[in-house]
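In the two complexes below, subunit A is the common chain; its partner is subunit B in one and subunit C in the other.
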Partner chain A sequence: MKKVKRIFTYLFLSIASIISIFPFLWMLVSMTNKSVDVTQGKLLPGTHFIENVKGLFNTVDIGTALINSTIIAVITTFLTLLIGSLAGYGFEIYRSRGKDMIFNILLLSMMIPFAAIMIPLYRFFGGVSASVPFLGIDTLAAAILPTVITAFFIFFFRQNTKMFAKELVEAGRIDGLSELGIFFRIYLPTMKTTYAAAAIIAFMNSWNNYLWPLVVLQSPENQTIPLLISNLGAGYSPDYGLIMTAIVIATLPTAIVFFVMQRHFVAGMMGSVKG
Partner chain B sequence: MSQVTHGTSYPSNKKSFSNKLRKNYIGWLFILLSVLGISLFYFYPMVQAFILSLKSGMGANLEFVGFENYARLFNDPTFISALTNTFIYLLVQVPAMIILALIFSVLLNDSTLKFRGFFRTAIFLPCVTSLVAYAVIFKYLFAVDGLVNKFLMDLSLISEPLDWLADPFLAKITIIIAITWRWTGYNMIFYLSALQNVDKSMYEAARIDGASSIQQFFYITIPMLKPIILFTSIVSTIGTLQLFDEVMNITNGGPGNATLSISMYIYNLSFEYTPDFGYAATVSYVIVILVVILSFIQFKVAGDRK
Partner chain C sequence: MKRISKKLLFFLFLALILTLAACSGGNESGSDEGGSDGNTITAWAWDPNFNIAALELAKEKYSGEEGIELDIIENAQDDIVQKLNTGLSSGTMKGMPNIVLIEDQRAQSFLQSYPDAFYPIGDYFNKEDFASYKLPPTSLDGKQYGLPFDTGVTGLFYRTDYLEEAGFTKEDLTNITWKQYIEIGKTVKEKTGHNFLSLDPNDLGILRVMMQSAGAWYTDEEGNINLVDNEPLRLALENYKAIMEADMVKLNSDWSQYIAAFNSGDVATVPAGNWIAPSIEAEESQAGKWAVAPTPRLDIEGTVNASNQGGSSFYVLNIDGKEKAAEFLANTFGSNVEFYDELVTEVGALGTYTPAAESEAYQVENEFFGGQQLISDFSKWMEEIPQVDYGMNTYGIEDILAAEIQNYLNGKSLEDVLADAQSQAEAQFK
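Now for the complex of A and B:
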């Protein structure tokens, strides 16, 4: 009886694993095949990889999209970490009733659906366009700004700051460091793992973000990777080999981060419930 | 959010009053940017969206109409489809995914199981894909000449290809399967880490008392994981209410409006049809209200079973 149960467990988990992995294998295999072969259901690697990559770079401006996505993701990650950790640290180290109240109010913003603020934000950046062109609609700055400051990261850093030894702050003060000096010279270096986990999440969110860039970035030279893939996928006569190559390129950065830093990756995802 | 409450021990040192005041003032500087940012990019737009929801008109020519837009909701068949679809996704997909994730985590929590690491990584892997990327892949997998049909025909489960994306019912199923594929592993990771904190002796005691593994699941695992199940179901509910990327890229809302989500309808009202920002803002407030009500209900339900 116990043995039968075991076999079913393995069978069930194996099927689940195959279903989970199959789309990845399929996109990797299809990346090396011609479009016709992909539609015919070929599941073995082919020899069309170089042609697919060439075709991709010739038909769409994936180079520009990669650069845009990278610029947006790197700047967003940097600012998110800086501003989020400053606030998380501030709320926890300089705790007061007033700040706790504000913290709770900020947390409410996590319940705000993006669709609800999308239109006012669009109109806001539309209004800015006339006076400050580099910040208006269809600029990378507009794609970045509203996504940088989120209650999630403030919460994440505050939770992790609870585990930071507060005596270090006092020690820093005795050593004559300024309050900001304590943050940059003591807190930041000791919280490397927290920053790593936060960086992974912020980068992934930004790299994969779709709705806001779709609304705010209109010209082809400002396209990001998700917008490019969405456009390719919506075509009437898609070249499957080519699209799969684009999807693999889009997935590669996050997949590499996952496999190289699995521990931080999971820690980042769970950050919101720890502590 | 259950994490909001903290112990209330405020620092009370004996340092001079002015020193304390200075530190307090520096503390405010640390949080200043975040407070300004969230006010400017979240709270202020929320207020604006509400004001906008009381106006109507095309493009920039908006005039005040009071609550007319809210009344219009009830007679708008497209909105009613979008709302119905969203509820179908909520009622079918969220529970199915949570149950599946719970089963995976319980099976994988067994330390005598071989290849645990492999199974865990495999089931979690879908989380690394971007929503757009996997949506496009699923669109092709479920095409009439796609691999899913080929596979089902090879197994003789169906005799001719199903038109997954053109049939109102099957299209919804496709969306539900896709979301479940993407997010089950994500939820599983939360349950797995919570299970590690459950006292093993409880299971041993239950086994000695003759409880089957199914009884153990319902009487130990579920009650012990209740807070985390609540957390994940609220996150999933909020996520499903905002569903956009998948619907946009797999079915584009079709066939007809059979898979249209509320977020996608808002997008269409603002950027696809002749822009009616006022009415779009009204629809967006429906999501806000739903998020508040559903989170409240989930808290109540979970609280009552204590």
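Now for the complex of A and C:
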């Protein structure tokens, strides 16, 4: 009986995993096929891989796009983590009268869709362009800044800080550490898993971010990977083999970041659920 | 300790506020930013093989007195719409290009929503030189804003082998009505087993093709939504239902499936704009098996066997460098026959500049289509396309109609469908 149950469990899991892996498999197979074969749903690997890669590098500047995306994603991740954790730590550790009200207002800001604040933001950066050119429209800084402070990460870090032993803060104070010293020397090392989980989410969000970079980045030298892929698919007769190759290249960095931090990610997410 | 850090925070906050204030102060002066510095002008367009290639060619062919450097920036069409809407609604004009390509069916919504954002360029070229159906979408209040570019002139692409197998000749498909088209489709399906065409239920392009052949649209000349008393639309919907119910449609849900339907040899005809030709030619094994007939027409007085699907035009934004941008367009797309010659041979793009139709390059016989003079045929049909004002909300109205059409297919009466769609559209767009 137990065996039968186990067979069914495995059967179910196998089907589920095939369903979830299939798009990736199809993406990898399509990378080796001609556009015509891709549209006809060919599921066997073809011989067109080298042509697709060559074609991709000849038609678009994917190197620049990768570098731009990396710069934006790394800086965004760093700043998001720094600001989010400082704020989350502050909300949880320090006592203040209006704290909870401010936190609730902050959470409410999660309800506002980005599209609603996009035009004011564009106007703002358009105005900045005149006086501070390196921050204005069509700069990487403009693509980064509006995305680094998010209510989600402040919330995420506050929830996780609930698990952080507050006695450590007291101990640090008694030993004469400054408040920032306590944060960087005690809090940060003990919360590594939380940081890892947050880093993955922040990196992926930034890497795949589409709308704001689209609107604010104009020149091809500043193009990011999602914008490049969008361009590839825009023609009357798009080359699907090329597009799939570009998508595989675009997926690799997030996949690598995820696998490197996977162990911490699971631990970090568990923490936030328990908290 | 705590007190010090609080003070520090306060000063940081103060500094931030001051910076923000300083930035917003600069805002007032920076209203007409963007565009060109010196002789460089920028252009936004989509599709590397088509529009971008056309701009590259124009850059090469430009022979004006002023040295103009064109910086071509490629973006997907939806992305350009998004960027333009954001930039123009923010009112700063910062980051906007000098020249932008806009699809004809969307042009009025831009021209009417942002009246001062575009620069009238009617004085720079002779608009009589262009196919007349291109003029209403590209102008507003008597001013010409767009320089007409490519045509979406439609044709009925068909598999000669399948139709021959079912007993039809070229003449049987020339200048037919949609009713005849459906009857032929039924026979082809019966005799060969092949579906007759492929449709995406969410894309009503075929309705627009049918309507425009009768000079009608979802809106009338004044821009009022006109669904209920719209005889051509009524006929188009009846045809659409008949096609859907005749068991000869291969349904598709996206562009790649649409292309696959004819590349794989599943369907016998593709009623579409001329721009579909390269996608058909991509399947080399079908060379010689295709031909193109004029688009079917509606069973109503005053319709022609010619219509349009898609097509776009160039617009100049009202920012620094606008005169240069207009001059560049006029010198290339606006007047150069030789340029159009190369455009059609090198890029495969068919413009709407009528003097070019006489040139040699337009008479070329296309071997893939059995030696047919494809370009020449298309440019003949192009000049017959009835003029239509596309109005502001073509795609918005179509979303409403697409939902109602499902009810129509499920048995709701045509009167109710049109009345309901009309009231929904009026509520949404008035």
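FYI, the second predicted complex is superposed on the first by the 235 of 275 C-alpha atoms of A that agree within 3 Å, B and C clash if a C-alpha of one lies under 4 Å from a C-alpha of the other, contacts with A are read in each partner's own complex, and residues count from 1 in each chain.
Here is the rule we use: a residue touches a chain if its C-beta (ideal position, glycine included) is under 8 Å from a C-beta of that chain, and two chains touch if they have at least 3 such contacts.
Note that this is a predicted model, so its numbers are computed, not measured.
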| item | value |
| --- | --- |
| Superposition on subunit A - do subunit B and subunit C clash or fit | clash |
| Which of subunit B and subunit C A:36 touches, first, second, both or neither | second |
| First, second, both or neither for A:136, with subunit B first and subunit C second | second |
| Touching partner for A:99 - first (subunit B), second (subunit C), both, neither | first |
| First, second, both or neither for A:240, with subunit B first and subunit C second | both |
| Contacts of A:184 with subunit B and subunit C, given as first, second, both or neither | neither |
| Which of subunit B and subunit C A:57 touches, first, second, both or neither | neither |
| Which partner, subunit B or subunit C, touches more subunit A residues | B |
| First, second, both or neither for A:154, with subunit B first and subunit C second | first |
| Partner chain in contact with A:146 - subunit B first, subunit C second, else both or neither | first |
| Touching partner for A:110 - first (subunit B), second (subunit C), both, neither | first |
| Subunit C region in steric overlap with subunit B, selected from 42-50, 78-86 or 222-230 | 78-86 |
| Touching both subunit B and subunit C, residues of subunit A | 38-39, 41, 118-120, 122-124, 179-180, 211, 214-215, 230, 233-234, 238, 240 |
| Subunit A contact footprint on subunit C (complex, rising order) | 1-2, 5, 22-27, 29-30, 33, 46-50, 73-79, 82-83, 86-87, 89-95, 97, 255-257, 259-260, 263-264, 275-276, 278-279, 282-283 |
| Complex contact set, residues of subunit A against subunit B | 5, 9-10, 12-14, 16-17, 19-21, 23-24, 26-27, 38-39, 41, 83-84, 86-87, 89-91, 93-97, 99-100, 102, 104, 106-107, 109-124, 145-146, 148-151, 154-155, 159, 179-180, 183, 204, 207-208, 210-211, 214-215, 225-226, 229-230, 232-234, 238, 240, 243, 247, 250-251, 254-255, 257-258, 262, 266, 269-270, 272-273 |
| Partner subunit A, residues of subunit B touching it in the complex | 1, 3-4, 6, 10-11, 23-24, 26-31, 33-35, 37-38, 41-46, 48-49, 52, 104, 107-108, 110, 113-115, 118-119, 121-141, 145, 147, 150, 181, 185-186, 189-190, 193, 213, 228, 231, 238, 241-242, 244-245, 248-249, 252, 262-263, 266-267, 270-271, 277, 280-281, 284-285, 287-288, 291-292, 295 |
| Parts of subunit A lying in touch with subunit C, wherever the complex brings them together | 35-36, 38-41, 59, 118-120, 122-132, 136-138, 178-180, 211, 214-216, 218-220, 227, 230-231, 233-238, 240 |
